[in-house]
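Dropping the structure in here first, questions after.
By letter and in written order, the chains are A, B, C and D; residue numbering begins at 1 in each of them.
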Amino acid sequence: MCRWLAYSGAPVLLDTILYKPKHSLIDQSLHSTMGVETTNGDGFGVGWYTPDANTPATLRDIGPAWNNRNLREIADHVRSSLFFAHIRASTGTAVQQTNCHPFRHGRWMWMHNGSIADFHLLRRELTLLVDPALYADIEGTTDSEVMFFLAITFGLDQDPPAAVARMAGTVERIGREHGVEFPLQMTVAVTDGDRIWAFRYSSQGNSRSLFYSSRVDSLRKLHPDVAFLQEASDETRLIVSEPLGDLPGAWNEVPESTYGVVQPGADELHPFVPEPA
Amino acid sequence: MCRWLAYSGAPVLLDTILYKPKHSLIDQSLHSTMGVETTNGDGFGVGWYTPDANTPATLRDIGPAWNNRNLREIADHVRSSLFFAHIRASTGTAVQQTNCHPFRHGRWMWMHNGSIADFHLLRRELTLLVDPALYADIEGTTDSEVMFFLAITFGLDQDPPAAVARMAGTVERIGREHGVEFPLQMTVAVTDGDRIWAFRYSSQGNSRSLFYSSRVDSLRKLHPDVAFLQEASDETRLIVSEPLGDLPGAWNEVPESTYGVVQPGADELHPFVPEPA
Amino acid sequence: MCRWLAYSGAPVLLDTILYKPKHSLIDQSLHSTMGVETTNGDGFGVGWYTPDANTPATLRDIGPAWNNRNLREIADHVRSSLFFAHIRASTGTAVQQTNCHPFRHGRWMWMHNGSIADFHLLRRELTLLVDPALYADIEGTTDSEVMFFLAITFGLDQDPPAAVARMAGTVERIGREHGVEFPLQMTVAVTDGDRIWAFRYSSQGNSRSLFYSSRVDSLRKLHPDVAFLQEASDETRLIVSEPLGDLPGAWNEVPESTYGVVQPGADELHPFVPEPA
Amino acid sequence: MCRWLAYSGAPVLLDTILYKPKHSLIDQSLHSTMGVETTNGDGFGVGWYTPDANTPATLRDIGPAWNNRNLREIADHVRSSLFFAHIRASTGTAVQQTNCHPFRHGRWMWMHNGSIADFHLLRRELTLLVDPALYADIEGTTDSEVMFFLAITFGLDQDPPAAVARMAGTVERIGREHGVEFPLQMTVAVTDGDRIWAFRYSSQGNSRSLFYSSRVDSLRKLHPDVAFLQEASDETRLIVSEPLGDLPGAWNEVPESTYGVVQPGADELHPFVPEPA
């Protein structure tokens, strides 16, 4: 399993979010408290958008995040208003760059915590449902990447929640055809650089943890003495596998079978229902 | 493209074959003279059999062979009577351990120099022909690994030359169905730990170079002053992408569309004809 | 800090000791229970002697041990009657191969858990005390490697316990000259391939944990049903940072300020007193 | 030996300089034509300044530049008005991140092609001349890093050409005291983020190649049809180990025993004379 974080807001140094918080994602790479594993040391990735380029930049590597100097450098020198970060705990698949999140396709980025149960049984059939024109672009061997390619196949570009619902429904259908009782366990974030969609779902109704941050203006009133909040922009929104600290009122659990949208204007929470595809 | 080497004979330190020769495989990683690229620095692998284990051991890594200290250590301390070594020059697929040769399946090892033309066009269809029970064992993204799994699917365990012929015939058929004129270019070595089969073939009839070493007893008469030959066992046989030195009479080209068998008793050379499958 | 293990006995597959035990060193790389850190993921090393070579072979790499495939391969295929293994948790120095234990010099291997306090203050002066002829052989930046080179300088080849005592005395002297109250914290293992010396010492008298295994013949009587013990040779001896399991009677703590010698014939335990040098 | 490149001018995507030119630095990593080695695959580094930070960012890794995806990402997404890039061919020292150029100290970056002859003989004595307060900051084992720390010790912050002259004079003095006829061979670039100083010198008067680019306004008149020149800013200046292409008039050799200064206003060339220190 893994841990991840998505940031949207005024441009900040990645360091502010990745390293500075008390229970930062880097700390979680060694001492996750809500994950399946305390250690998430089987590779990492960060992906960020810049004003200059049509696609996000990614830095991914196969060692642990906590001792990676290139990640430290990027965090100290790069600002972004929308970025993803992910630390991996492999459940057996190879530790290689192409298995590190976030995955990218054009302007899109995708990252995942969870798994497809008995993926080795389902891998072939699921991969066959990927658009044949995209098949050769699959570079790694994770369930997460296949889920991404299925979502693209099912229209991620047009309607992300519907595409992810069809992907989830497909995984459940194929899984159940192979006798897998609870085929899907996922918290997923996906973005096109403007909006972020975050999903919490599992076939068993017992999903991995997922939280979103409270409105900064409310938090500021609650904690007038917290310096970080004075500097943070009102539009700041974080979605995280586990809270980055213990500031009262700062974190809200994403309910089971729910997805949220972080976007200009009001954010949204909606029920998530896999669509039998 | 790549370079490779297969050794069979009395147990020797890997160093004797991998590093010591004047134009050793390690030298070829920097200065290949007959390869498509002079540099083969996109990963390497070595696989060897030991009396103790049912499967060969492999050491594979993503950096260049020439500066790898673990390879140097293994070469200085491990003896084997049958081993493969491979240095990789990627034609675009990811540089990751699971794309490094030799590939292993049970007792079998496989390594390849060459390529399936327009593999991105053919990858999906070829992969679908792999035995579904084996599909989930494919860990990398190379044409070479798919060729191996096709050969296993087509009966490598029972009749290696026939299985490789069906693999080659299948690649050519699928390739031509997609309008690829010359789908296959290969020199392949495969072994079960007892015998080595080496294939030289290309759809165009213009295959990458492949050589086998002359009988040591003949060479010894020809070069009574070459110390290495005095020590080498009579059964020593090397198959190489390019000669390890320029000793007159030491190297023989494997003819086009031919495969050889290195085995206890007399070695063999046979025509190789892909079998339309 | 780190965890380590030294094995001496009848030749065994490294796997038997490295992976098989319930709380193996590989398990300790993720879930150390007695170490300063639960995670030891900043590189690893294994070094083993073979009958063929004058020096031990080492495999060292910068990623975590728990996901390293080359280590898994070596463990599954190499037998040795004397080997060291080490997993690293860096306290800030670079994660690089030259900082991974065991360190080697000729026939000697050295590994360490602990640290020289305020090493950055003492590094220059300590390094200057290394034999100038050896200075250029220092390849990494750890306190552990400097301790090894000091021990070599002080006669490791002639009298290992005396050389280590002089090293420890020197570190304490230089440390105290710089106002460091407790300069040294160490559990060290060193071997020439025939004998192993293991040291437990700290300036504060509060050393990191160290254990040695009980005599196999006694354990066999105590646990007639434990299969592993039936197979293990009588001379089997393990020295470990923390026990590999919870078999009653199997593990004995090395006392504070003590060193042990594992050798043909009776093993020994002696007081360890740094020698003011 | 190595190859390097320094860029100063209007902010550009690193890609424009690192990958786009016909004989780019990335191409030189495989096919250097003027270097001692054709292959420079023992690690790489890039360092760039951004408006936000007090220190330059660096990305350094131990594999070859030509297949590194993180370098490709940074090049595609980062703009800078002053950056260094370096590809390494080790002459035996370890391939590790801390041996990769550019080296950084505060705002300063340093990179080097060449070597101190018989460095193993001189390493200890030269390192002892480094300011003791800086000694513990030396992280690698290259001659290049020791040269950097000597230059810092000798006042790089106050007067870069004088500090480098004292460094060079010191290396020559210590070298000759040890019987080394030609102790120093170097092309060095150093920057504080505002100006770049580039040095070409060797004890033998036979230095490695070094070139600087012509004024863009002159080149534009000479080649009105070259699109790149229309877009390049007038202040664009490149200093390179070997030309990035064969545009007539574009490249000028830095003379032997000379250093240049790239700065706002007119650039300068001056004789370089090591100062006996």
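As a working rule, a residue touches a chain if its C-beta (ideal position, glycine included) is under 8 Å from a C-beta of that chain, and two chains touch if they have at least 3 such contacts.
All values reported here derive from a predicted model rather than from experimental measurement.
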*Shared interface partners, meaning chains that touch chain B and chain D*: A, C
*Can you name the chains that touch chain A as well as chain D?*
B, C
*Are the two sides of the chain A and chain B contact the same residues or different ones, given that same means over half of the numbers occur on both copies?*
same
*asked:* From the mean C-alpha coordinate of chain A to that of chain C, what's the distance rounded to whole Å?
replied: 40
*Which chain C residues sit where two or more other chains touch them?*
69, 94, 97
*Among line, ring, star, complete and other, which one matches the pattern of chain touches?*
complete
*Contacting residues of chain D [partner chain C, same complex]*: 94, 96-98, 119-121, 123-124, 128, 132, 135-136, 138-139, 141
_Residue ranges of chain C in contact with chain B within the complex_ = 13, 50, 52-53, 55-61, 69-70, 73-74, 76-79, 97
_In the complex with chain C, residue positions of chain A that touch it_ = 30-31, 37-39, 41-42, 62-64, 66-67, 69, 90, 94-95
